[in-house]
Each structure stands twice: as C-alpha cells, then as structure tokens.
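Given below, in the form of structure tokens, are the structures.
In what comes next, chain A is part of two complexes: it sits with chain B in the first one and with chain C in the second one.
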Partner chain A sequence: MSNIRLLKKTIVSSSVNSVNLDNIFSEDFDKYIININNLHTSSATYLHGRVIDFSGRSANTAEYNYATLYSPSTSTSATEERGVNKTEWESLGYQGAGADYNGMYNITISNPADSTKYTFYQSHCVGVRSTPTVYLWKSVGMYSDFEAIGGLELFPRAGTLDGGVFHVYGVGRN
Partner chain B sequence: MPYGYLGEQPIQSKSNSGVFNTVDALDLQSDGEWGGSLEHIETLTPNGVNNITCSVLPTNYNIIKIVYTVNVDSPASNVFRLNFFESGVEETGNVYHYAQLSLQKTGSLAQSNTTSSDDLYLGNFNGNGSNGHAYFYNLSDNTKYSTYAYHVTDLDGTVYFGSGGLLQKSTVDQIKFRNANAPKIFTSGSEIKIYGIKEL
Partner chain C sequence: MAGRLIQIDKEEVTTPVGEVVLTGINTDDVYFVTVTGVEVSTDANIRTRVAISGSADTTSNYSRAGKQFKDNTTFGNSTSTNDNQWNIHFTGGNGTGEINNFHYYVYNFNNANKHSSITVHESGLNKLQVLTGMQGAAIHTVNQANDGLSFISSAGNITAGNFVLYKVL
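Now for the complex of A and B:
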C-alpha cells in the first residue's frame, strides 16, 4: 500500500465564489497533499487561501505570511511577491480566464491539526494564462497561529471559480 | 501506515480480525481507500544510452508523477530534456513552452524561458547527476493542454524548478527522457520511476 491516501475529492462544475475543503485535516497525518487539476476561473487571477478551524470558521485574522516567485514562459523575468500579517494567503498560484486556460496545483500542507506547531504550505503551480504564456509559480507560506486547523478555503482574487477537481491526500508517517 | 477508519470511528460491537475479505476489499477499493493513491506504473533504468522512452502510459490518470535519480558520464548545464509522444508520434517541433528558475550555490538566480522550444527541461547534470520529481497533467486528455511542473537538485548543489508544457490539445502517451549532451550517456544507478495518481 502506498503511503498517500485519498481523503477527499471535490469537483467544481459551476461558478462559485470559493471552495471549502473542510474536515480534511486530523491527527491521522502530519502532511497533506492537495492536487488541483484544471482550475478554471472567470478572470485571469491569483488563487488565495484561508484556513478553516475545527468549528468551521474561515479564519481572517492577520496571521498569514507568504513569499512567491513566478516567471512566465514569454520573457526572462522573475517576480517576487510577499506579505506578512495578511488576512489570507494571497498567491498560491495563477491561471488565465476561461475553460482553456487552467491552473494545475500541487500544494503540500504541514502540521495543520497540531496545536503545538504553525501550519505551513508549499505550492507549485503551472498556470496557463493564454497561448503561449505559461507561468511557473512557486509559493511558500505560514499561518502563524498554534490553532489546530481542519481545512482550507480557496478562492480567486477576482471573479469566480468556474471549474476544477480538488483531491486531498494524507501522507502516511511510516 | 494506519489502517481502518479515517475520521470519526464507529463504536464496534464485534471483534475485528484485521483481515479484509473480498467484500471489504471491494468496498475500500470503490472508496479509494484500498491500495493507496500512488500507483507505480514503470521504472526506467537508463544505462549506456543517451535517451530512454517509457512504455505507453495508461489513460486512467489525469496526473502522472515521476521521481528520478540520474547519473551521467559528463557534467553539463540544462541537458536533461524530455519530449512527448502524441498518439505514438514523437513531437520534436518548436512547440514547447516553459519557464525555469535555478538557484545557484553562488547565490545567483538564473532563468530560462521560451515559447518555442523543441523539448522540455528537467534541470541539468552538473556534478554528473541530478535528483528530482515532476508532475504531469492531462497527458491523456485530448481536450486539455499537457503541462508539467518539476523540482530538481543537481549533484553540484543547484536547485532547478520550472513549469511548462505542450499547448496542443492532444493525447500524450509516451515520454522520452534524454541526455541532450550527446554523445554523453546515462550511467549505472539511474532510475526514473513513473507513478499514476489514482482517480476516482
């Protein structure tokens, strides 16, 4: 048996403002992988995230910190973005507008349900903005609160989420 | 690895032998809990050649993951490359797109970006080898573009990461991995493991 176990699958097939991946974190695992395939947004935009506590509350306290580095296929440039004490993670990835221009994400979450540790993420996204622009998008961040976390809320900076498949996996300790 | 229930556990009134019967196994399989979610497809062991092509990929995965350790007989930069096969035909046109960043051990940041490459990068072979992983998306879906993201460390201490793809809606059914520093070759100990991320 492989050490990666599917915990939740969520499909977005119509326009929504956000996706709540709730009740996914527990004491069964320390590390989680969230794969998002074909994330489709109404605008060319960033993907944001907030943690959801075990009471189901999406926490908007100013305890989110992140750093992002991204680069497009169309020019030799690399752009840094960062933030401290924000009310959300503002830059998990990026994709273009419409059904053809999707974002594919691999996000690792560490220690969410452990109330003695901060929660961390690492995100690596390939985002198709248009033809021919593809973005390399790499981001890391931390939620600087020892609160145990049960899930994630994901939402676009602008517009709506119009499609995508979300898989959440737990990574076995042994 | 924990077995049994995830999340809330029921109060169990019968003793549990810990042995799955056929019905248990089928139930767990339909729920995606049987066998885990990372399924091994193939391990390639290139040795004495400068390229190797995987077998025809199964079509039941939207995400393919590769994990690799490769050794070569001569160091060089940006020469670990790959090409896709579309329905059995290798795509070698200038149709690949990628953006790669590399963090050098000297502290500098280097970039490689293109919208018209004849192949895709997977880092380099400085120090005579590299280790890394990559995710490939939608290879078998001919209604989507085939894309990938990778993260590599070479044996000289440089980190490479990138994203890109083939912005053509086609069925990609094989991948050729290549040491583009021809006639240099892969050497003993090289392994490219290919997995499918199970879909339900």
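Now for the complex of A and C:
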C-alpha cells in the first residue's frame, strides 16, 4: 500500500482566468505535493497563487511572503526576487507562450489545514519559452495567518491559463 | 515522484525530546524524508546526521552546498566541509509562527561502497521572523552503509514535529 494518495486531478483544456484546487487540504495530511504538467499560458508570464479557505473564499489579504531564485539557460547568473506582505504569491514559476513552450511544476505545501501553524510552500519549476530557453525556477513562500485553508487558486500574472494537468497528492504520515 | 511511497519509520514529537532518529534504510532504493511543523524550545536550528545501527555518526565527515532563500534580503550561500553534522537548516525559533518544514531525497545510504547524500528542500520562519529556505545538497564523505538519519536541535530540545521516512518505489 502506498503512502501517497491522489486527491484531485484537474485538466485545463480551454482558456480560463484561474484554476481553483479547492477542498484538497484536510487534517488527514500535513504535507501535499502538487504536480503541474504542460502548463500553457497566453503570454510569457509568472504563475501566481492564493490560498482558498474552507468557505471557498480566495484570500487576498496582505499576508503572503515569498523568495525566488531563477536562472535561464542563456545566462551564467541567477536572479533573486522577493516580497513581503503581498496579497498573493507572485512567483511560483514561469513559462513562455505558445504550443512549444510550457511549465512543469512540483510544489510542496506544508501545514495548510493546521490552524496553529502558518502555511508554507516550496516550488520547483522547469519553464520553457522562446529560443528555446529553459528556466530553473525555485521558490519558497509563506501565508502568515493561523488560518486553516482548504485549497489553492492558481492564476497567471497576465493573460489566461490555456492548458495544463494538475495532480494533487497527500503524503500520508500514518 | 515515482509510483509509490512506502512508509518505513515515523516519529511524531508532541513532548520535548533531545533527538529524533528515523531508521530502516536497508535497500539501495531512493528514500524520501518529510518533516513538517518542527518547533524547538529556544532560538535554534535543526541539525542532521546519518545514523549507523540507529545511532548518530558524529565524525567530521559532513559537507554541504546550497542557497539560503530569504524574503527580506540577498540570499546567502551555505557551504562547508568536514563538519561533524549537516548544518543545513536555518529556520526555527521559539517565537510566534517560527517553525521548520523540509524534505530530503536520500541516496546511497545502504551502499557501503559509496558516500551517502541527500538533497535538501526547506521552507520556514526563522528566529528573526524572516521567511527562509535552504535549497541544496549534502554528502557524508565516507564509504559506509548507514541505516537512517538523526535530528537534534542546535540548542535545547525539539518540541514538536512530524518526521517520516519513506521508501520510493
């Protein structure tokens, strides 16, 4: 028997403004893995995120912190980005626009349904855009509210989400 | 992530302890360690060692390389060689919300002819209330078989946290 459980699969096959991965977090798990394959966006852009509470509300309070490091294959250096008290996580990853350019994500979420702890993420993204250029994208983030949350809203900084397959897994501790 | 995770060992800390040990690595498969909600009794960080027959190896054969992500300033480089433990975690404290969450992929612990190594993925809140996360790698520079991992706090006790070891199949 495996200790990793598929909780949700969502497929985006037409243009949408955002994807709500709701009702995925519970007290059954304290660690979750979200895999996104072949994320397509209408423009070359960042992937943003917000938490969704158990009433289905996407929280836009200024309680989001993040720190990101990315490096394109066309450069010999890496770039840092960071933010505190934002109204959303602004840098989960990045991908180009067009059929040949996409983003692949592995995002880990810790403690989302625990109202005694803040919620943290770690994101590892491989983003492809024109040239082609591949981007290594690493990011950590925190939602600094002792609020149990039930899910995530994911959306692009600009334009629409045009495709992608989202899998959410719970990592069992019992 | 491969097809299955098989839980090998777990420790749920709810009262203060000086050390947590996860054991049961006895094959050449990749292993996966998840640790969530770690709290410590004072302003301190988690330290990690390999375990032999369930006991921490305290010899000076631990090296690391990585980047400390921070939400308030330029990221720090984290490198060192020949330590007596892996100093690979930089979050935690005893203030409000100060906890550590991390996971490792674990390689070659069962192989007596290779160095044991891990990849490190951390995010948490440090003692200065700064979002921090070590992203890096660490190696134990001895050809020996190890069967687990030991965790201590650099000062005081570990007071909370879920520590779980999985085999990846």
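Methods note: the second predicted complex is superposed on the first by the 172 of 174 C-alpha atoms of A that agree within 3 Å, B and C clash if a C-alpha of one lies under 4 Å from a C-alpha of the other, contacts with A are read in each partner's own complex, and residues count from 1 in each chain.
Just so we're on the same page, a contact is a pair of C-beta atoms (placed from the backbone, for glycine too) under 8 Å apart; a residue touches a chain by one contact, two chains touch by 3 or more.
If you're wondering where the values come from, they're calculated on a predicted model, not measured in any experiment.
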Practice task
Judging by the criteria at the top, classify the pair chain B and chain C on chain A as clash or fit.
Solution key: clash
Practice task
Considering only touches as defined above, state whether A:Val165 meets chain B (first), chain C (second), both or neither.
Solution key: first
Handout entry: First, second, both or neither for A:Ser110, with chain B first and chain C second
Key = second
Practice task
Examine A:Gly83 and indicate which partner it touches, taking first as chain B and second as chain C; both and neither are also allowed.
Solution key: second
Exercise for the section: Considering only the touch criterion stated at the top, classify A:Val134 as touching first (chain B), second (chain C), both, or neither. Expected result: first
Practice task
Classify the contacts of A:Ile4 with the two partner chains as first (chain B alone), second (chain C alone), both, or neither.
Solution key: both
Problem - chain B collision site on chain C, chosen from 76-84, 94-102 or 148-156, when both complexes are overlaid on chain A - result: 76-84
Exercise for the section: Check chain A for residues that touch chain B in one structure and chain C in the other, and list them. Expected result: 1-4, 35, 69, 106, 124, 138, 169, 172-174
Completion exercise
Within their complex, chain B touches chain A through residues 1-2, 6-7, 32-33, 35-39, 62-63, 97-101, 109, 111-116, 135, 137-138, 144-145, 147-149, 151, 161-165, 167, 197-198, 200
Problem - chain A residues within the chain B interface of the complex - result: 1-7, 9, 23, 26, 28, 35, 37-38, 69, 71-78, 100, 102, 104, 106, 124-128, 131-138, 165, 167, 169-170, 172-174
Handout entry: Residue ranges of chain C in contact with chain A within the complex
Key = 1, 3-7, 10, 12, 34, 36-37, 67, 69-72, 74-75, 97, 99, 101, 103, 121-125, 131-133, 135, 162, 164, 166
Completion exercise
Given the complex, residues on chain A that touch chain C span 1-4, 30-31, 33, 35, 65-69, 80, 82-84, 106, 108, 110-111, 114, 117-118, 120-122, 124, 138-142, 144, 146, 169, 171-174
